[in-house]
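Input: structures, listed below.
In what follows, chain A forms one complex with chain B and a second complex with chain C.
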Partner chain A sequence: MFQDRRLGLALLAPATLFIILGFLLPVAILLSGAFQTPTGWGISSFTEFFAKPLHREVFWRTFRLGLYVTAISAVIGYAVALSIVDASDKGKGRLIATLVLPLMISPVARTYAWVVILGKTGIVNQFLTGAGILDTPARILFSETAIFIGLIQLFFPLMVLPLISALENLPRDVVPAARMLGANWLQVFWKVILPLTREGLVVGGTLVFVGSLTAYVTPAILGGSKVLMLETLLYQRVSVANDFAAAGVIAIILIAMSIITNFVLKRLATARKGGK
Partner chain B sequence: MRLLLSASLLGLVATSAAAADKTLTISVYGISQDAYKEALYTPFEAKCGCKLVVEMGNSSERLAKLEANKAKPVVDVIAYSDANALEAAGKDLIQPVDPAKLPNLADAYEFARDPVGGNMAVGYTFYGTSIVYDSDVIDGVGSWLDLFGDKLKGQVALPNVSTTQGPLALQMIETALGSDDPKFAKAIDLVADHRDDIVTFYEKGGQIPQLMQQGEIAASVIGRFGWANLLKTVPSARWATPKEGQSGGMNVLSIVKGAHDPDLAHQFIDYWLSAEVQQKLAEGQVDSPVNQKVTVSDEIAEGLTYGPEMATAIKFLPAKSMLENRDAWLEAWNAKVAQ
Partner chain C sequence: MRIAGQTILFLVLAFLIGPFILICVAGLSGGETLAFPPDGLSLRWVARVFEVDSFRATFTVSITLGIGATLLALLIGVPAAYGLERYNPPGANAIRNILSSPIIVPGIIVGLALLRHLVIPMGVGILPALFIGHTALLIPYAVRIVSGSLMNLRVDIEEAAVLLGATRLQSFIKVVLPNIRNGIMAAFIIGFITSFNQVPVSLFLTGPGVSTLPIDMMAYMEFNYDPSIAALSGLLALMSLLIVMVAEKLLGLSRYV
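Coming up: the complex of A and B.
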């Protein structure tokens, strides 16, 4: 666009400077706290962090819940995305609008709605006791189940939207062709649809997993301090214990988990492609 | 003539500059600032002809700031908890107040006059901490151990150890278990044994009214400052008076070491302790008064920790114990309860 490349670079400079000074530098200073030891530099903050059973448990819980949320979102997401792609143009618009609507509501409001729904006198327990499935209301709030439900609802659209776009790019004839060649629906999905839409799955999977790892409001309200996650633990370390070293360690773990997930999922997608 | 005029003009400028120079920087909790402005800040500015600069934030944040600015203090007077004051004294961040310069201190409850020793702080407000329960669900709560009884099983929310109320609840549970161990070992063990029966360990007292209204909990432990709000949301809620007594806490004022104008700082503290200001803050249900001359109606008193009977019944957790054992409580709690 520009004859002189320097002009382009000059236009980029203010934004770059802002990112460096306003984001990268402060983050680097904050995270470097995790590598500071009383005698200099080292990784003792990390070993100390993982030496505590509570921290190990919180780490695994965060990882496990992220994985569950991603897997279940993918399974239900494919079903929803397939039916949306299959709908008429008008129906498609309405379905997508319904899907996106929750994204426009604040996570705090959505999560508080779950407090009411999942509570002892909420509709879930009213149904369970009314239908005779349970004698007394179940304790759902302040449990891993509550966090899981909240996270699924929060991030589900982020899985479906990339899947819809991937399915729309699927060549129209491949499914009928596979069927005519004798494949059953499961084989069609597993051998045709899944390989051809895996990029959508990688994008959706990364968004959902990383989102689940870093969400704060949902675990804080639905889990409380009884079911700590890495992000609620981070907040506790900073606000209560003024322990910035541990907070830095948690932040680094979260960033590393996000980058590794993206890398692994991308690798999985390209490996399959290359294998063909 | 002209010379005279300019000289007097110069003089005028100098005096107004001096008046503007007379400022007092205070560091306070960020809550109810509108009420403080009306009852305390604006009247004081009018009285002293000075300017108040108000810094706000939670106490640990403000204490950290005080420490960072130790060589060149910015703040003159700081409001925080008694345990914070003891910590600040230990770090040589504050200087003693001179009781002779605080005539209103004589009207304060005995426990508020020198709560951390060495005249390092004076109490300006205090609160009781006790059990609250829903009288629609349970008839009454007579002991701190009732929180772990069969009647309340699966219906109790306790404050997390990291909150201000957490250690106060543990203190009373330990007392109820017949022990005076400052490490609260027995209390923490008891909570750990009943971990699955406790609905949640709350971090913000503001959650409690909602949880009780929804029938999620039937009892909890809160500070008296949250009581008016709970009663408004849950009219069937009751403030229990357990046989072991109630716990409580105190907020205090200190003068920062190297304060620019210690006399002005004393004036400000004395004004805050005056019956006039404490009355206004009590009527607004902002702070429970330490000044014994304050009188309020029963309706207002319901939202406060008020009166000598309630005040003397409170078993304050000593600031020293808080400071010395906090890490041990956190560690034991994380190892046994938080898992």
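Coming up: the complex of A and C.
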């Protein structure tokens, strides 16, 4: 019944053309700008970009924060996913809905909550000065720590949800079997659970790492104009200095890092399974 | 072991949900500046949110944009999902990659690209460009969620409808659509929320006169330290909570995320 390939293509045409004309083409032209030099083609935009210490600093900060956020989310994510999978069916549904809910709330609202908590007159400073631990409010906002906390809260659900589905697909008997054969909890996790749920970890890790690298709202609100990440740097270069060369370079870096992360982590996921 | 797990679970949920409770309380402050604990309780800043002209204007833009972009994304995304799932046309994999490409490219770059290579050289207005950017961003979601629903729908009921004399269009409208209705509704809700909350795509496509609510909030908080942003954030969180609770009850939304 579904042999008519022309009809199939006709169904696909509107969406495909829309994406090509309204998205791929403008983005491709913008990206090609990063390889243009006054005299032709080349990579001088990149060498110029990385010649500035500030740009190198922002690049490494973005990379570092992405790694920290991903690693911490993975460690806590396993603990949370394991106890959610253990819960009763009804409790499990409620817990998953609680994890999904923050994803549906405006990131601006979510991030602004940390201004209320970490700001000069926020709850943390009120407590520290009220208890006499500090004389003047500490400056917690506009720091890497503040961005780190904001990113963890923003992206943690994206790590836990794939881990939960991976753990649900774990064969029921493997953990009791390993325990009966004398493995301790750490061994069970390292040799049984981790290898069998690797794909969930890879999906979650990709979402969190790429999400952190390309975050805009969190560093804009919690980092301010001093503690920049790549996206806030891009915005600043364009809006303050009309520096489209730097914008093109950052765009290429962000897309390349997304694609490389996807590729590397996918390879890890499909690599030989089993502990050894 | 179990107790340790429960404790971590509780702490993490408190970390995820707690800030919303705090921001709602901070928005009910009676004082002049943002503080926690708030200086007395009052609804003055909640009322103030509705008095700020730019919030009202940008709220309308965001709602219209969210609904319009999601509808267009579904209008062209549902046929695309159907074509991919049922007809497996030549080059299906390449088309799949093209249709999901907006997910890989950071939104801020999409906005900048549309500004530089669509708005400026071709004289396209800022609003239409915003509409194009949001729609492109939502097409991957629409295609993925609707494809999922189509995959779970048996092909033979369509074949039966055609054998019994229905045209292809009739069988699509009378047999397929009712069966993937929940998926389409979930895609609509997720698409609308994604567009409504979107910041990076809109960043370069707003300016004096045209802005979306989240962008306007970020501009406002740069120069004001009063509790109105906290009050507005609380209202937005409650709005999302309401939508998600209704959608969870009717569709089981979290299956589609």
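As a working rule, the second predicted complex is superposed on the first by the 257 of 276 C-alpha atoms of A that agree within 3 Å, B and C clash if a C-alpha of one lies under 4 Å from a C-alpha of the other, contacts with A are read in each partner's own complex, and residues count from 1 in each chain.
Methods note: contacts are C-beta pairs under 8 Å (C-beta built on N, C-alpha and C of every residue); 3 or more make two chains touch, one makes a residue touch a chain.
Nothing here was measured: the structure is a model prediction, and the numbers come from that model.
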(message) Looking at A:182, would you say it contacts chain B, chain C, both, or neither? Reply first, second, both or neither.
(response) neither
(request) Look at A:242 in the shared chain and tell me whether it touches chain B only, chain C only, both, or neither; answer first, second, both or neither. (result) first
(request) Figure out whether A:38 sits in contact with chain B (first) or chain C (second), or with both, or with neither. (result) neither
(request) Using the touch criterion from the header, give the chain among chain B and chain C with more contacted residues in chain A. (result) C
(message) Which partner chains sit in contact with A:226 here, chain B, chain C, both or neither? Use first/second/both/neither.
(response) first
(message) For A:142, using the defined touch cut-off, is the partner it touches chain B, chain C, both, or neither? Pick first, second, both or neither.
(response) first
(request) Applying the touch criterion given at the start, work out whether A:115 contacts chain B, chain C, both or neither, answering first, second, both or neither. (result) both
(message) Going by the contact rule set out at the top, does A:171 touch chain B (first), chain C (second), both, or neither?
(response) neither
(request) Applying the touch criterion given at the start, work out whether A:53 contacts chain B, chain C, both or neither, answering first, second, both or neither. (result) first
(request) With the two complexes superposed on chain A, say which partner A:132 touches: chain B (first), chain C (second), both, or neither. (result) neither
(message) Considering only the contact definition stated at the top, list the common interface residues of chain A for chain B and chain C.
(response) 115-116, 119, 121-122, 220
(message) Please output the residues of chain B touching chain A within their complex, sorted ascending.
(response) 58, 60, 64, 154, 160, 162, 195, 198-203, 210, 214-216, 330, 334-335, 338-339
(message) Taking the touch rule as given, give the residues of chain A at its contact with chain B in the complex, in rising order.
(response) 52-54, 57, 115-116, 119-122, 139, 141-142, 220, 224-226, 228, 236, 239-242
(message) If we count contacts the way the header does, which residues on chain C are in touch with chain A in the complex?
(response) 1-2, 4-6, 8-9, 12-13, 15-17, 19-20, 22-23, 26, 33-37, 76-77, 79-80, 82-84, 86-90, 95, 98-99, 101-102, 104-110, 112-114, 116-118, 132-133, 135-136, 139, 143, 155, 158-159, 162, 168, 193, 196-197, 199-200, 203-204, 214, 217-218, 221, 229-230, 232-234, 236-237, 240-241, 243-244, 248, 253-254, 257
(request) Could you please specify the touching residues of chain A with respect to chain C in the complex? (result) 1-2, 4-5, 7-12, 14-16, 18-20, 22-27, 29-31, 76, 79-80, 82-84, 86, 93, 95-110, 112-117, 119, 121-123, 126, 153, 156-157, 161, 185, 214, 216-217, 220-221, 231, 234-235, 238, 244, 247, 251, 254-255, 258-259, 262
